[in-house]
Amino acid sequence: MSEKTALVVSAHSADFVWRCAGAIALHAEKGYKVTVVCLSYGERGESAKLWKLEGMTLEKVKAARREEAEKAAAALGVADIRFFDLGDYPLEMNREDKYRLVDLIREVQPSFMLSHSHYDPYNTDHMYTTKVLLECRMIAQAWGHNPGEKVLGAPQVYLFEPHQTEQMGWKPDLFLDITPVWEKKRAAIECMAGQEHLWEYYTRVAENRGNHFRRNSGGQAGGRDCRYAEGFQSVYPRVVDEL
Amino acid sequence: MSEKTALVVSAHSADFVWRCAGAIALHAEKGYKVTVVCLSYGERGESAKLWKLEGMTLEKVKAARREEAEKAAAALGVADIRFFDLGDYPLEMNREDKYRLVDLIREVQPSFMLSHSHYDPYNTDHMYTTKVLLECRMIAQAWGHNPGEKVLGAPQVYLFEPHQTEQMGWKPDLFLDITPVWEKKRAAIECMAGQEHLWEYYTRVAENRGNHFRRNSGGQAGGRDCRYAEGFQSVYPRVVDEL
Amino acid sequence: MSEKTALVVSAHSADFVWRCAGAIALHAEKGYKVTVVCLSYGERGESAKLWKLEGMTLEKVKAARREEAEKAAAALGVADIRFFDLGDYPLEMNREDKYRLVDLIREVQPSFMLSHSHYDPYNTDHMYTTKVLLECRMIAQAWGHNPGEKVLGAPQVYLFEPHQTEQMGWKPDLFLDITPVWEKKRAAIECMAGQEHLWEYYTRVAENRGNHFRRNSGGQAGGRDCRYAEGFQSVYPRVVDEL
Amino acid sequence: MSEKTALVVSAHSADFVWRCAGAIALHAEKGYKVTVVCLSYGERGESAKLWKLEGMTLEKVKAARREEAEKAAAALGVADIRFFDLGDYPLEMNREDKYRLVDLIREVQPSFMLSHSHYDPYNTDHMYTTKVLLECRMIAQAWGHNPGEKVLGAPQVYLFEPHQTEQMGWKPDLFLDITPVWEKKRAAIECMAGQEHLWEYYTRVAENRGNHFRRNSGGQAGGRDCRYAEGFQSVYPRVVDEL
Amino acid sequence: MSEKTALVVSAHSADFVWRCAGAIALHAEKGYKVTVVCLSYGERGESAKLWKLEGMTLEKVKAARREEAEKAAAALGVADIRFFDLGDYPLEMNREDKYRLVDLIREVQPSFMLSHSHYDPYNTDHMYTTKVLLECRMIAQAWGHNPGEKVLGAPQVYLFEPHQTEQMGWKPDLFLDITPVWEKKRAAIECMAGQEHLWEYYTRVAENRGNHFRRNSGGQAGGRDCRYAEGFQSVYPRVVDEL
Amino acid sequence: MSEKTALVVSAHSADFVWRCAGAIALHAEKGYKVTVVCLSYGERGESAKLWKLEGMTLEKVKAARREEAEKAAAALGVADIRFFDLGDYPLEMNREDKYRLVDLIREVQPSFMLSHSHYDPYNTDHMYTTKVLLECRMIAQAWGHNPGEKVLGAPQVYLFEPHQTEQMGWKPDLFLDITPVWEKKRAAIECMAGQEHLWEYYTRVAENRGNHFRRNSGGQAGGRDCRYAEGFQSVYPRVVDEL
């Protein structure tokens, strides 16, 4: 009830690992109940290594991807992971699919949500996910949608880091220190057997974001000794009592 | 030492009142030592009412503007107010002027700074102030500037609300609830005898920003009952331990 | 025939009141025939107060919203108001719905059209409406769509003021003096019994836009004494014979 | 196999002529196999002159437009032209239509693709085409889409010049010298009997782009004597071995 | 007194011809008193042809450029042309130079002003001119600048068309029909003996802007038969009594 | 004469190493004569480690920084390195300083130039450098500046990678494969004894840019095996004979 909660909306089943595993593990340790929803398994578009194997089928790919995602979620302390299995490349959601996501949002009543960048010319599933998420956030706030249910407040939506940030027009406005949970993020990353080429890549991203954290907390004049960080872009303004 | 401090950099002597008096009063109440620097009195460009009086001189205008600003500062609990008297319309700062501002920044060692929007095609003094402030922040961080002095860390710079926000490309990313100090802000506003036509204008701004605060804290699904607010745009990303 | 006409396209039945009631009343007084189309009643998403009442149903909400809208339209001198009843939160239009809007556009042959901002992360119905309107404007111009009908020229589309303008990236490029019809706008606003919390909010908006009008017409050096105004953003360039 | 190929994706059957006929003819002369796909004939929206004739029907318009496009393609040395006949004003593509385009992309395995600007408030078919093209490019890269087929690499997408470039937010980052094939482009343009009002317009565009080519190659200090050029905007970064 | 006036601020002595000669001639015919100020002669940077002649000196170039500009001004009906002779490549203005421009602005009391685009990476004199103009407009509005003088109101600033518009981020929001005065503009253009390579270029620009005028006034559904036009971007919002 | 040349303009003496050492070494190997100009030594603002030493003076810092830069230049095969010694934090250039840079540009007649991002709110010296470089490029093109000298053509200006790219609004439009010269870049980096905290940071940047290179050259469908890359943003459009 008064428990703090968060919801991660991942287009494909591995996105939540590369992009916000640190945030997940950190908030799980702080007592947040974190729910992850994977709209698809990324079975068609993000499983090249599996498809290069002999005798592969769509179902086998999905099963393998699901298993990886579940392992990663467990490593991070995710409270609940849901697989909507909506298909990928392209991901498409009809009204029923959207209402399913609305139901989940209302069930979770998240303090904040995490999802993809607004723009991605390489991967239109990513930007589609955030477009639909903003729509579903609006529906979840409607008193006339399933009247009687508890409506949603106004949770922040944080956009996690895409690949090739500059091409996506993504600009982080906050850096989160994930040093305390780095080992968990790395463990989750290593669950992604099919995308081993990205393990070191995202480790380097975390280290360099740690540098950015230090810079923005004082740099050589006393910046905090953060080793690993994640960046996020906020969609909405914050409301505060102190600057 | 461990005292929290803030620095407001105001192009003309009244700007700090309209644009961030609430933030000043609120942080003063929280124990922050708030310093305000007025780079000019706005004596040439923002004192039309005074200039319409018989027998007015530049010195008289400056004195009147200074008195108003001091009264407003007192009403807000400002710890220190400085008048650089650099002239306005246009405001121009040479290297010596900049070093004077650097000295003040280092003296205050602010937790955060407040200043004007990046762009303002109506009032180039405003955007010039922020341009110079970013330059001075950089100088204040330099170990080789007056070696031995305590260098500056990496304080946030918040851009306060300009007039005609959309024309300035200013986008607030946070709203501060100033309801507890609204009476102080209104009192400070009423010190500005020369610009009475703006009293109600900025009262309406504060009320409508209160509405925005409520929206972004939950709206009709439990938004907080904020009556007056101020909006700010952050220049740099934040560093956090929790989203 | 040679009568001047205008078309307002409102996602929900109250939008036209808050956002352009002044423009409507003013042009009605000038002899324009103004048509308003409400694509939905805002029955699910913008009727929180009604839904909090005992025994409320979708039909009752729609009836109440329609009544309010009709009263407001009457107060403003609207010549014709149409309710497409397409549903809200989310609003979705299929090809048939679009052709219905095209038919209306061709029937009205508006001198200009009014609709929502291009972007709105709080309310995706709003931006969807303008996206579809631009599409329908294009279809209405096609000689091969219902050949024989009078095709549309190239009317301007003005985007009226959204809530939280800066978050929507909305930038007004013109201010319209609505002082002569302010009482009518206020009367229309007061028809919106379900959203009383917005009455004073939009009155303050009109007063502050009046200030912007004065500034941009000369300010303290002879600005026109406008008390209430509305702002609009043009989608297309204007064609003129004099600057 | 090792043959170089290019794919042009044209919303309406004449777009490829005005916007990139020079690029087509030039690359055809260089040995590229150029495929053009016309998603529609522009039969409803871009055939005003035909519709003003007595007894015109949709089929007649389509036949006339097809004939023009085929003649133009022949004049340019196009290797293959496909007509998807999906309808226009509005152009809409369902999943099957998209897969058809994916099939073509994989068949062609283009070195680069050419299509419309990202934004066009006058002609939503244009921007829709590029939106879908980016989606189809992504699908064509997916190992799980029709497993066993040769997947797509990462070809550049060049956005060709729209009408009223500034309104579309289109910014060319390269100019291609089409002087050697200008006569072919002009011949292709003259195949467009239904849009004769644009012949001189696009000739002037080519000449003025030639001026821009000269400027950016040295101007009065030795710029190359290019007489006609076309401009393009790249969607993705280039990969190079030399600056 | 009640005479309508306009002020054109041209970085180099030929800019006003290519970019807004139509607007000048048109308003002169309408009875406006149009003043042109050339901040420099463009003697160093825009006189390549002259510098290639034997025995050329700075003074000779300036004299030749001045003569051309005066002839062009005469052809257009300019009421007054001033040469500030501030030097070019780079153009730099100190406080005294700015006050000289302020004096002129106050003397003219223009209904509107015309100048360069905000951005120009090819020609920094151009963007510098507009930056200074906005500063001088602000100073001219200050009651405390030369108290007793008539202060400036809030005239619009229109940015005229730069070379390579897309690279400058210039977006026209209005097109002015200059067909009635085209012969005068062409005559003024032909006064620019030193830049003959641009005569046809800017004639084509005017013709293509005529096409844009027609499009935005109705296109094939009754667009006005404008043959030549000029485009402008407004810096400030307009204030109107009718949409 | 027909030798290919390049010019790197570095605000502080280490910038050229972190940001484009790979491009320098690669082009040196290709036979380009590469000139580097360090406008300052970064002696005040980028030498924190040195200033923390006992008995440090400005001259000692400058000498140490110069020595490091010369070593790095040697490691990269730089043909010529110039130190303008203009001071830093802030860097300021008067007309004489600018003409000195113009002289160098004309002397080198570079095929292309490399410099900082357009915007940098952390380090205003960086953006000032590029602002001045664009101005000096313009002056170098002026036939009337030191008449008789060989004027500059229209060389591209590439903006090299800043720290915290997203905050600077920097977007790379090309990736250069620096794998063949990586050892040289690393060696140059290790010359920067005073900034050892950045060695690994920029190594990670190079590796991750290598990943981006691979992605944009085909990714898992045959991307080229680039291990290290540098990204650049072009200021001007390119002129080409083939897409």
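Lettered A, B, C, D, E and F in written order, each chain numbered from 1.
We adopt the following convention: a residue touches a chain if its C-beta (ideal position, glycine included) is under 8 Å from a C-beta of that chain, and two chains touch if they have at least 3 such contacts.
All values reported here derive from a predicted model rather than from experimental measurement.
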Topological distance between chain A and chain E, in contact steps: 2
Labels of chains that are neighbours to chain A and to chain F: B, D
Remotest chain, chain F as reference, centres from CA atoms: C
Reference chain B; chain at largest CA-centroid distance: D
Listed chain pair C-E, D-E or D-F that repeats interface A-F [over half of contact pairs the same by residue number]: D-E
Centre-of-Cα separation between chain D and chain A, whole angstrom: 37
Junction residues of chain D - those touching two or more other chains: 48, 122, 141, 143, 167, 172, 212, 215, 220, 231, 236-237
Interchain contacts, given as pairs of chains that touch: A-B, A-C, A-D, A-F, B-C, B-E, B-F, C-D, C-E, D-E, D-F, E-F
Residues of chain D defined as touching chain C within the complex: 43-45, 47-48, 51-52, 56, 58, 61, 88-90, 92, 121-125, 167
Touching residues (chain side chain B, partner chain A) in the complex: 6, 23, 26-27, 30, 112, 141, 143, 151-154, 156, 158, 172-177, 212-213, 215-224, 226, 229, 231-232, 234, 236-243
Chain D residues within the chain E interface of the complex: 48, 122, 163-167, 170-172, 200-201, 204-205, 207-208, 211-212, 215, 220, 231
Contacting residues of chain F [partner chain E, same complex]: 95, 98, 131, 134-135, 138-139, 141-145, 147, 235-237
